[in-house]
Amino acid sequence: MDVGTLAFSALYQFGDAFAFLVLSACGLAVIFGMMGVINLAHGEFIMCGAYVTVSAAHAGVPLPLAILIGALVSAAVGALVEILIIRHLYDRPLDTIVATWGLSLIFTQGTLIVLGSTMAGVGTPFGSFTVGDYSYSLYRLVLCGMAVLVIAGLYALFNWTRFGVMARATIQVPHMAAALGIDTRLVYSLTFALGAGLAGLAGGLYAPTMTLVPTMGTTFIMEAFVTVVVGGADVFLGTAPAAAVLAVVKATMTSWYGQLAGQIGLLIAVIVVIRVLPRGISGFLLRERA
Amino acid sequence: MNALSRFFSRLEGPQTLGRGPGFWIGFLVVLAGACAYPLFSDGYTVGNTVYFFTWIFMALGLCLIWGYGGALSFGQTAFFGIAGYSYGILTINFGAAYGFTFVALLIAIGIAALFAALLGYFLFFGRISGVFLGIVTLSVTLVLERFMAQTAGPEWKIGAARLNGFNGMSNMPPLTVPWPGGDIVLFPDVQLYYVVLGLLVLVYLGLRILVNSPFGNVLVAIRENPERAEMLGYDIRKYQLGTFVIGAALAGLSGVLYTSWGQYITPSSMGMTAAALPIVWVAVGGRSDLTTTLVGTLTVLAVFQALTIHGSQYALVVMGIMLVLTVLLAPRGLIYALARLIARPFTKRQPGDA
Amino acid sequence: MPMLQTIGLNKRFGGLHVTNNVDLTLEAGEVHCLIGPNGAGKSTLFRLILGEHLPSSGAILFGGEDITGLKPFQRIRRGMSVKFQVPGIFKALSVRQNLEIAMQHHYPPAALGEEIDRLLAFLNLTADSTRLAGNLSHGQKQWLEIGMAVSLKPRLLLLDEPTAGMSPEETFATGEMVKRLNAEGMTVLAVEHDMAFVRQVAHKVTVLHLGRVFAQGSIDEIVANEDVAAIYLGQTTAHETAHEAAHA
């Protein structure tokens, strides 16, 4: 194998890992970064997006549209959860974790009862292409592009839209934002829905590549946690660089020793990082402004 | 008499509900009932009750870490699993003769505690707290589960013990008491019941002494205001680490007892669902008190088993609903709220107390 | 040997030079007040002395020992103690338990109860000992925290705005407490806005301005110093403006 194909292979592995980490984590990171809430039902929002996407695809909806529907349904469920539960717990962030864990149990087991232990999936679209001796899935490249698109979209949303400005004002000085006439409750609801919708998007995007089971959320959640812990509270300065660093670790470990080694590598990276940078990468980058 | 009252005074304090002769008489009545219980029941049911008891140690450990120390540890089942697997590996390799099962119990708990010390060092000396502590400990648990789940191949064995991946390990010897004229094997029956009940009383009273000691004072101080605690000269990292290790050891004890009880341990005992259950027991019972945690755990387990008749997935949905409702409606725990309600007419209300 | 000495202490946050080459000396037995307009760097200097921030450069000596790199709890164990600006008490615990936590390692168990009673009396909190600390009045919370700080029997007591939010009567009572503690041999460093309090207790006053030591001397010298008056918004006397600032 020549250097070119070797480099492509490494880049592909990295891109694949990067996309998975970014897409898994961005919904969790938006909610944590903006609201200080860790949503332990994050994996179940991903599962929801995947199930809705596949159901829509089975009903004849074209896949891209089906993924969009999956994301929107997740966002709607997220808004509902925010109104019914999360809203009442803002002054108790630790309790929110516990409550969302309860939700996770309810969603996982509820899905198992209603829809059974597995659901027929849809095939991975686009087929594959070969570089050198190896063949690669084209869809994985699409996922990689989507990850970059999501980061760019979030950046645009939070910096260039009215919602973004209101959200950042609310997060930084809640009582001041309220005094300026911003409906902070609405901002929180929308932010939570956005996070849930991003989770649903991740589920929809990965639905064609995996088996649909009620516990599929746990496949994503560890990676999502790890990225958010390493990244810290800022989506752009945290999640994206953290995903890039961790993708290197994961891709390297995975290609050497397999999937599980990749995960163990991630975990060790996290434990080392928190010992050195307790507030994550964004905390480190922002330390002088504190 | 004086020594006895001094002993009782160490069991009581601001950190625990229940004090005075009334409470302790009640305690003795309940204990006597628990001792007499096997006389009115059959071996199978008693063995089933032991199964409930094995979980309580883990719940009490979580109560100590979370309720008293204020540290969100979602890794209790990791220590449970580590100790359970260690016990299995040790006893399958070295057998049950000469009381080795109890040595294995201690070693297994030691391994879990050591693992907790290592992990806790990075967490607490890295000043990780709040939500991050919760998600890192949970991540560790999930990775451990996945690791054990992929050990199905024949290359995954330690000595004579095959790890067996998702199917888990089985057929390790139960705890065995060496006895002249024939070892007593503690199958899930009356004898195991008394051993575990004894351990439970010991651990419960021991923890009461611990939380009402100066150590316990510092622990709640850290929960309430870590900065102030440090400014009183306490190295809070050491206290948190110590608590974490004690809690992990108790989870390890649960793991060993569970493994010995069913001669069986699987990776799913560490998974996301398994990890949620101790949180449910402790939160629903009332995490800020040992007694409410104990009563809550038994109650929730009983409810869970009653519901399992209709299918365990239904029971888990109910557990989830219970957890959400507890957090929303009775954040200090259902049993705790109940206990305060019962205790109110008997205690003088203090001015300004909430 | 001075009780506390900072030598060429600097702290930068990014481009901001919050503590600029501060040399401060506290002699044993003195009550020393640190004043200055908002943003003068008083709180940062306080946190540097406590070890909550590490200095960018410079050294801190405590009783002649270099403590620059020590963690806060290690400094406390060497005989420092602090009362924060925002009351740092254990709100969900009783007043008595608050003091117990502070004192349990400094007295034998048999003597602990009596010592707590003595301190409660000193703090005028005897009648409130079983109340939850969170339910005390604002002034009482401040006293409880002073009590917790004092109970460690520190050589050096650090007070960050001990009278913030207190009525004039409470402020006066707090001043008398500080004077009694000082008479028993405790060295005190207080950040304070309330000039009546400063006049009541201070042996020596240091004025911080823009991170530097601006002036130093007795309270009368400071009040008479026109440059000091000028930095307090250019008004007539430091006394009035500082007083207004405290009650704003």
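Chains: A, B and C, in written order; residue numbering restarts at 1 for each.
FYI, contacts are C-beta pairs under 8 Å (C-beta built on N, C-alpha and C of every residue); 3 or more make two chains touch, one makes a residue touch a chain.
Keep in mind that what you see is a predicted model, and the values were worked out from it rather than measured.
Student: Farthest from subunit B by Cα centre, which chain is it? Let me know.
Tutor: Of all the other chains, the one whose centre lies farthest from subunit B is C.
Student: Tell me the chain pair with the top count of C-beta pairs in contact.
Tutor: Comparing chain pairs, contacts are most numerous for A-B.
Student: Taking each chain's centre as the average of its Cα atoms, which chain lies closest to the overall Cα centroid?
Tutor: B
Student: If you average the CA atoms of subunit A and of subunit B, how far apart do the two points sit, in angstrom?
Tutor: Computed value for the inter-centroid distance: 33 Å.
Student: Rounded to a whole Å, what is the gap between the Cα centroids of subunit B and subunit C?
Tutor: The separation of the two C-alpha centroids amounts to 44 Å.
Student: How big is the gap, in whole Å, between where the Cα atoms of subunit A centre and where those of subunit C centre?
Tutor: Those two chain centres are 47 Å apart.
Student: Where on subunit B is subunit A touching in the complex?
Tutor: Going through subunit B, the ones touching subunit A are 72, 119, 122-123, 125-128, 130-132, 134-136, 138-140, 142-143, 146-147, 150, 271-273, 276, 279-280, 283, 311, 313-314, 316-317, 319-324, 327-328, 331.
Student: What does subunit C use to touch subunit B in their complex?
Tutor: Interface residues on subunit C, with respect to subunit B: 50, 71-73, 76-77, 81-82, 84, 88-94, 97, 100-102, 104-105, 130-132, 134-135, 148-149, 152.
Student: So in the complex, which bits of subunit B are touching subunit C?
Tutor: Residues of subunit B touching subunit C: 14, 214, 217-218, 220-221, 224-225, 227-236, 350-354.
Student: Across the complex, what residues on subunit A touch subunit B?
Tutor: 32, 36, 38, 40, 43, 85, 88-89, 92-95, 97-99, 101-106, 108-110, 112-113, 215, 218, 221-222, 225-226, 228-229, 260, 263-264, 267, 270-272, 274-276, 278
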